[in-house]
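The same chain A turns up in both complexes below, where it pairs with chain B and then with chain C.
Entry: the complex of A and B
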């Protein structure tokens, strides 16, 4: 394949990564924005989403589409409920102290990860995509001075990958409507601005926190359910999404939702493109150092405003 | 600071006890204890920053592995003898902690934790990237023939135990002296109230940097000694897990106590040792311990003993 088709392919792969990353990072960002805590166990909620999706798909059996739809509904709800419970049992009790929350969520990370290892096992397990037909993409070529469409071998994508991008976009729009157009969103934004004042106005802040923590984990789980037909479920799969989500949230400005989406697109696309053309390890080194430098020299994020 | 204080007596007694244990415990446990003493030095380095200065780093694996690879690469590629190689390890840790400290200390709180985490992650990936020299995850073995210092074979069980004990004793006495010196008191003042320390005229930024570098060099000494005594250096020691371990040991033993890091390391080492015989998911214990400690016992074992019974514990 030539450079051109290669690049288009990298962009398509990057777009899939970016779509899932946007959902996962949005979960981390909402939790940080409203509760002012960093959830290190976020990647494990993502992993749980994938594992539960496998479990639901296996139990439902039947047609892969049926199992997939059931997983898309059940996995985020279960993961969200577990996260909300963890919030009430652990984070609420340590009063959301930022540093102790990080230590506690590191503990939670190990508990979820190793708990999954004990029950689900060390193997990677696949989930059938609901539909998956190949689309070969055309590429313009000049042969003998005449213009023609060629279909280079291996140049194409699948309907399912396009669906991932569309579904992630739809979920993000729904989330935006929830945050800006509903009473629940208003309550969350009020709590974000000033938890004390919100409490004084009768908002049940404790319950809001639990719900927000659940919502954040649920978003990660949704991203995982979408990606699991492409990438198998495995108990260690939470590491990379956690790191990438951190990078996205920091570059986008901690707690800024539009910033998070833009940064997810930027990081997801460049991760896809860089890994195709360069060593993925080198790309990761540069990305982590860049994030450290952003935090050191521009703590409000590249897109955030100085408070 | 008196030379014959209760604190010094405690430290010297502990060192004597560890020396005596070598002759009473079975070989399996003395082997473990040698490992634990080296790792306890890592925990003591961490404790200096976390327990006394109040800075929670999530990137100490970087300093540990700087020491480990400083020594390891000097011996493996440069065919250096242990003494200059150990010095190379210390210098590597000094430089790395100096640079990381200089940059990371521009941030505070949660941002400091994430910046240190990111630097450590970048360090780990760098070790993997230069896999042709470091052999990445697989690591490399330091030949037994190379591991003798002043004619003493450090791969021998007895010599290894006492080399670990000497390092541990030095680290314990040095940290014991540091935390009771004026400098150590100032670090505690920064931990308790940074603004007040600034207002009293202390150059808080500079003191914090010194604390990071001291902590980094102690961690590096532990990493270098680990590679030297056990003859192996690998990228596993640079992973996030090895940044979490010292935090866990210190939290469990008691942050801001001189003997807490050793106590925490002993407990956690044997807990994991026991659990790994039962299940392959033994790291579950690490998670449970971290959550339980933050929820119920934020002072750790020695911290609780100090708060309840023995007030003078250093």
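Entry: the complex of A and C
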């Protein structure tokens, strides 16, 4: 295949990675932005989303589309509820102290990971995509003195991958509307800016924190449900999304939601393109290098505010 | 009637209040004065429920307020204007006001009422709070608290750093609240503002209320200002 079509394929792969990464990193960013909690267990909520999606799809059976839709609704809700419970049982009790919450979420990471290993097992398990037609893409070629559309062998994508991109974009728009156009969003933004004053104006900050922790985990779970028909559910699958989410959140600016989306696009696309042309390991090395550069030259991130 | 009786309190393990007592009747302005570190802001935060008292009692119309959370204190009609305003800086003026309205599910008429009290805010509704001038920020801080339709209003140095015309506007609103039957607790360093606004004054020293007197008594004995404040 020529370089042009190869590059387009790499960009498409990158867009899928970026879409899922944007959802996952957005969850991490919201939790840090509102609660000032660095959630080291975020990747495990992602993994739980994938595992629960497999479980729901298996239980529902029937047509793959039915199981997938059920998983897309149930998995984020269950993961969100588990995260909210973890907030009340653990983070609230240590008063959201920054250092202790890091240690506590490391503990939570191992509890979730090992609990999943004991119940779900060590095997990777697939979820059927609801639809997965192949789409051959056209490419212009110069033949006989004129351009004509050709369909190079292997140059195409699937309807499901396009759906992942569209669904992630729709979820992000819905999240933006939630944060900017609803009372719940206003309450979250007020709590983010000054939790003590929020309390002085009747905002139940404890409940807001539980909701935000649940929302952050739910977003990670949604990303996982979208990707699990492509990547399979496995109890160790939370590591990479956690690393990439931290990279995205640091580059975008801690707590900045627009910054998180931009950084997710940059990192996701570069990860996809470099993985296709070179290797996934090189993609991670370059992303880590990008974080180092940002920390040196713009420590507040692309759209973060200098403290 | 807001009543504090031998209230003690602390910031973490550091004791800061060692016995604060005073009462504020509806429709009166009660000023708390004292040197830096005397416990004025701590007293307001303790009334508001942002700090938990370690002893003594705080009651509002006979009902216990000392064991209430700040959320419930706000819902019971205690409005708080903190030192330094502490607006939700990245929210718009309208959103800051909406936060105040949500606390007691106040109706849209309340919004119109507070905007009539502070007309300059009407043209700034979509502007971020952090972009307002100091005087406008103070107006917004007061408007946000008044959205609760409070029966008790806690004001922590509301005239700090403001120009005279703005101080006069703040004073007019405080006087209007007094006429409307609100019990106003005012922490203030400026003696001229105190003498024109307050009905009673309580002096704090080292976290303890040492003397409460009517404003007429303070006017008759201005040397008390020098004694307690060193001015």
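Keep this in mind: the second predicted complex is superposed on the first by the 300 of 307 C-alpha atoms of A that agree within 3 Å, B and C clash if a C-alpha of one lies under 4 Å from a C-alpha of the other, contacts with A are read in each partner's own complex, and residues count from 1 in each chain.
Throughout what follows, contacts are C-beta pairs under 8 Å (C-beta built on N, C-alpha and C of every residue); 3 or more make two chains touch, one makes a residue touch a chain.
Fair warning: this is a prediction, and the values are worked out from it, not measured in the lab.
Student: Could you tell me if A:110 is touching chain B, chain C, both of them or neither one (first, second, both, neither)?
Tutor: First partner only, chain B.
Student: Is A:100 touching anything from chain B or chain C once the two structures are fitted on A? First, second, both or neither.
Tutor: After superposing on A, A:100 lies in contact with chain B but is clear of chain C.
Student: Could you look at A:202 and tell me whether it touches chain B, chain C, both or neither (first, second, both, neither)?
Tutor: In the superposed model, A:202 contacts chain C only, not chain B.
Student: Where does A:246 make contact in the superposed view: on chain B (first), on chain C (second), on both, or on neither?
Tutor: After superposing on A, A:246 lies in contact with chain B but is clear of chain C.
Student: Touch check for A:281: first (chain B), second (chain C), both, or neither?
Tutor: The first partner, chain B, only.
Student: Give me the intersection of chain A's contacts with chain B and its contacts with chain C, in residue numbers.
Tutor: The overlap between the chain B and chain C interfaces on chain A is empty, containing no residue.
Student: Would you tell me which residues of chain A are touching chain C in their complex?
Tutor: Touch list, chain A to chain C: 183, 186-187, 189-190, 193-194, 196-205.
Student: Note which residues of chain B are touching chain A in the complex, please.
Tutor: Spelled out, the residues of chain B in touch with chain A are 56, 58, 103-104, 106-107, 109-111, 113-115, 118-119, 121-122, 125-126, 128-129, 244, 247, 251, 279-284, 286-295, 298.
Student: Applying the document's contact rule, which stretches of chain C touch chain A when the two form their complex?
Tutor: 48-50, 69-71, 73-75, 80, 82, 86, 88-91, 95, 98-100, 102-104, 144, 148
Student: In their shared complex, at which residues does chain A touch chain B?
Tutor: 38, 90, 93-94, 98-100, 102-104, 106-115, 117-118, 122, 243, 246, 250, 279, 281-282, 284-285, 288-289, 291-293, 295-297, 299
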